[in-house]
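Beneath this line is the structure, given in structure tokens, with notes to follow.
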């Protein structure tokens, strides 16, 4: 009885998922596409929760739906006139793609079936769950992210860093939304502190329960983005040079810890057991700051206070001329 | 096993839908949405195979991988939007 | 101790240098050059270490049994790493003179160093998912660098490049998902021991190869490459053509012959060879018709990558052992020569473009007199691209032809001969115009810091690799897991 | 006993959600749709939250349910207000 109930829930939710995915990928209107995409992200969060992946549900709700939603909303303004401008694609091409897609799906389904048939169903799970107590944290996902596969996480921070470098190179701060409605500002006023406190909580709790640096950093960024969206001048709190330090602190602390551990224990990122918990928390705290700074900058579209930046750029110019 | 297969197949379908959308759209923003849907399809497949029923704890490795993937995806999106904005600024 | 962990330092040094160059933008050039030279030294130490003690592994975090990520370096990856660091260092010297705007320089160095991190991390990675992360890091940094040209064409090309790159990585990741589903491992060496010829593995390999083919711009998927490589700033074009596309080819070879060898099908390898042959002919033909110097160089990259794919069916035809290693060494020789020659060519094109104000081939008259060293470098690069002795590609192509004869696949010889003839055509066309009488370009000064790195790269391609190839043969035989030792 | 009460409460909540959804689909214009949706959803969520809180043995977790309800209510009332305000400004509401 219970099984059938669960199964009918699964089928219902997958039906909605496929519908949303189809609509998102087939709309020709940008506004509609963005709205559907955010809804798709929220539904994904529900699916992660259903599949017993609470870490992902948290991350998806904050990043997938929240931060991407904000980024897209801001970008949408650049595309307003282009909405209906979709050039003619030949019917032949469309049908070719359709046929190829269908064939690919059948092929993939066949592959997945064989893969599941062949699998023992355990994979790395038992090994990770058994070894987790040795990692310094008791939450297995955090153990994988910051100990077993910490190198992946380091490179992932590098990806975030790279993306922000490109955003910064592509322009200075963009025009933000105007001042919001009074009632919205009032809500953000008391919501932002809650978000910041929640971010700290998520960071701390990651050691033994769902949460961690990425969720915490994104939550912190969400607080700043919300403030910025309602017209609160976020940039007055930050300046160019402190932003640079915030951006690099995550990877910096991570790499230096790794090197110190290499010198002590002979392997990069091999934490000493008694220090592991503290080191992981240290790295996560630094990473939280970097991620928050990166996502906030990605939303703002450039370094705050452009006038100060141009001044310093001029100064660099002069010194370079002097030396060369 | 049933849930793994069901969600796994749905993930594959979402992947293919996104891929198709990415190949059909001319508009950069819409293509980007399709690419993100496509990525979500891979993530669903990963998480589906990590699910081991209601009693056993799920496999944490794919969860960590997908978390990495989500962060990479949002970084790529931020960068793509900035490039799109730059491109349009030349037209003004 | 430092020597034994060279591979970790090779990743950590550029990573930290990238951070520092963002925080201290005024010192960016010094930081980047210092980082590159340290990296180059570390890469030499790495080759020495591999030469002494065979393939090395480094378990990150000290975890074993597939729990953690493992870095692995054998002869092939060690040589690619040295190649990367040499090109990066030389191009770094060049770039410090190329970018005159301090603001642009401050944007360039952190991204450039991140690209170096991505290249080294990819070459050293021994883990499937980690490879996906490095591919993304490489893709994003390369796209960002392309867009630094800051004109409409470059940003347009960067956007297209990004779309293609993301698509390729996602298809690759789908393959990783299938592998993890079926085998429950991500570690390449562990996967190599359990993988079997069955549908899931075949499909996964097909997906991963397809993703990498998109990224390595093999013939029908090459459409994004010329625009991106021709419009990027010259130092970036050099790195894109010499390194970024090549590591995808490296990865295909690594996956095919190192990990998935039980799964391989001769038909599939033959098809890759055919696509490679088409790329050789089509790319060379387009290079011959190209009107701009950098566009010609970009199309030439399409062609030269084609040669590397022709190796796949030939390598497959040899049984595991010394013969296969010889073919692989020839592959490495050709890949390395192309990397050095093409980066030299792009750097020289950059000099021409900056001094003459354009790079239209038909209007290059008088350049040989105004920029003699630059044109000399282009000629040297041409020697390597055509495959004339004593360049490394002469030997590479020679072995390509002889193994084609040995395995009875003589039809590849036709393609190789045609490609070489066309390459001679497009290189002599440039030189012909450059030595032409027209005096559209006045007496100009080229900076030594721009011309000398290009000269070193070109000389490496033509002379050093040509004479040092015997050592490479030994090295590959000694330290290749492909040989089964 | 408390289980039955909880299920009853959740059931009532779901009914409200259902009514809200029907309202969203059937009502003629934006303002009445908003009205139906916001009202029904807030009350619906309250009943669901109460029901789940009863099933939960831990007091802290029950309090978390209350917090969720409060946050959602704040968000939905502000967003309804904003949508309505936006529509009133004379811009064409979506259909």
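Note that the chains take the letters A, B, C and D in the order they are written out, and that residue 1 is the start of every chain.
The rule is simple: contacts are C-beta pairs under 8 Å (C-beta built on N, C-alpha and C of every residue); 3 or more make two chains touch, one makes a residue touch a chain.
From a predicted model like this one, the values you see are computed outputs, not experimental measurements.
Here A-C and A-D were compared by C-beta pairs in contact; the pair with more is A-C. Inter-chain spacing, taken between the CA centroids of chain A and chain C, is 30 Å.
Each chain gets one centre point, the mean of its Cα atoms, and the points for chain B and chain C are 29 Å apart.
With each centre defined as the average position of its C-alpha atoms, the distance from chain A to chain B rounds to 12 Å.
Looking at chain B, one finds that residues 8, 15, 19, 22, 45, 49, 61, 65, 68, 72, 75-76, 79, 83-84, 86 touch two or more other chains. In chain C, the residues that reach two or more other chains under the touch definition are 129, 133, 136, 140, 143-144, 147, 174, 180-181, 186.
Checking each pair of chains for touch leaves A-B, A-C, A-D, B-C.
Note for the complex: chain C touches chain A at residues 1, 5, 8, 12, 15-16, 18-19, 22-23, 25-26, 58-63, 65-69, 101-103, 105-107, 110-111, 114, 117-118, 121, 129-130, 133-134, 136-137, 140-141, 143-144, 147-148, 174, 178, 180-186, 198-200, 203-204. By the touch criterion stated above, chain A contacts chain B in their complex at residues 7, 10-11, 14, 17-18, 21-22, 24-28, 30, 33-34, 37, 40, 44, 47-48, 51-53, 55-56, 59-60, 63-64, 67-68, 71-72, 74-76, 78-79, 82, 85-87, 89, 94, 97-98, 101-102, 104-105, 108-109, 112-113, 116, 119, 121, 123-125, 128-129, 140-141, 143-145, 149, 152-153, 156, 159-160, 162-164, 166-167, 170-171, 174, 214, 291, 294-295, 298-299, 301. Contact residues on chain B toward chain C in their complex (touch as defined above): 8, 15, 19, 22, 28, 31-32, 35, 38-39, 42, 45-46, 49, 61-62, 65, 68-69, 72, 75-76, 79-80, 83-84, 86-87, 90. In the complex of the two chains, the chain D residues touching chain A come out as 71, 74-75, 78, 81-82, 85.
Against chain B, the residues of chain C that register as touching in their complex are 129, 133, 136, 140, 143-144, 147, 151-152, 155-156, 158-159, 162-163, 166-167, 170-171, 173-174, 177, 180-181, 186.
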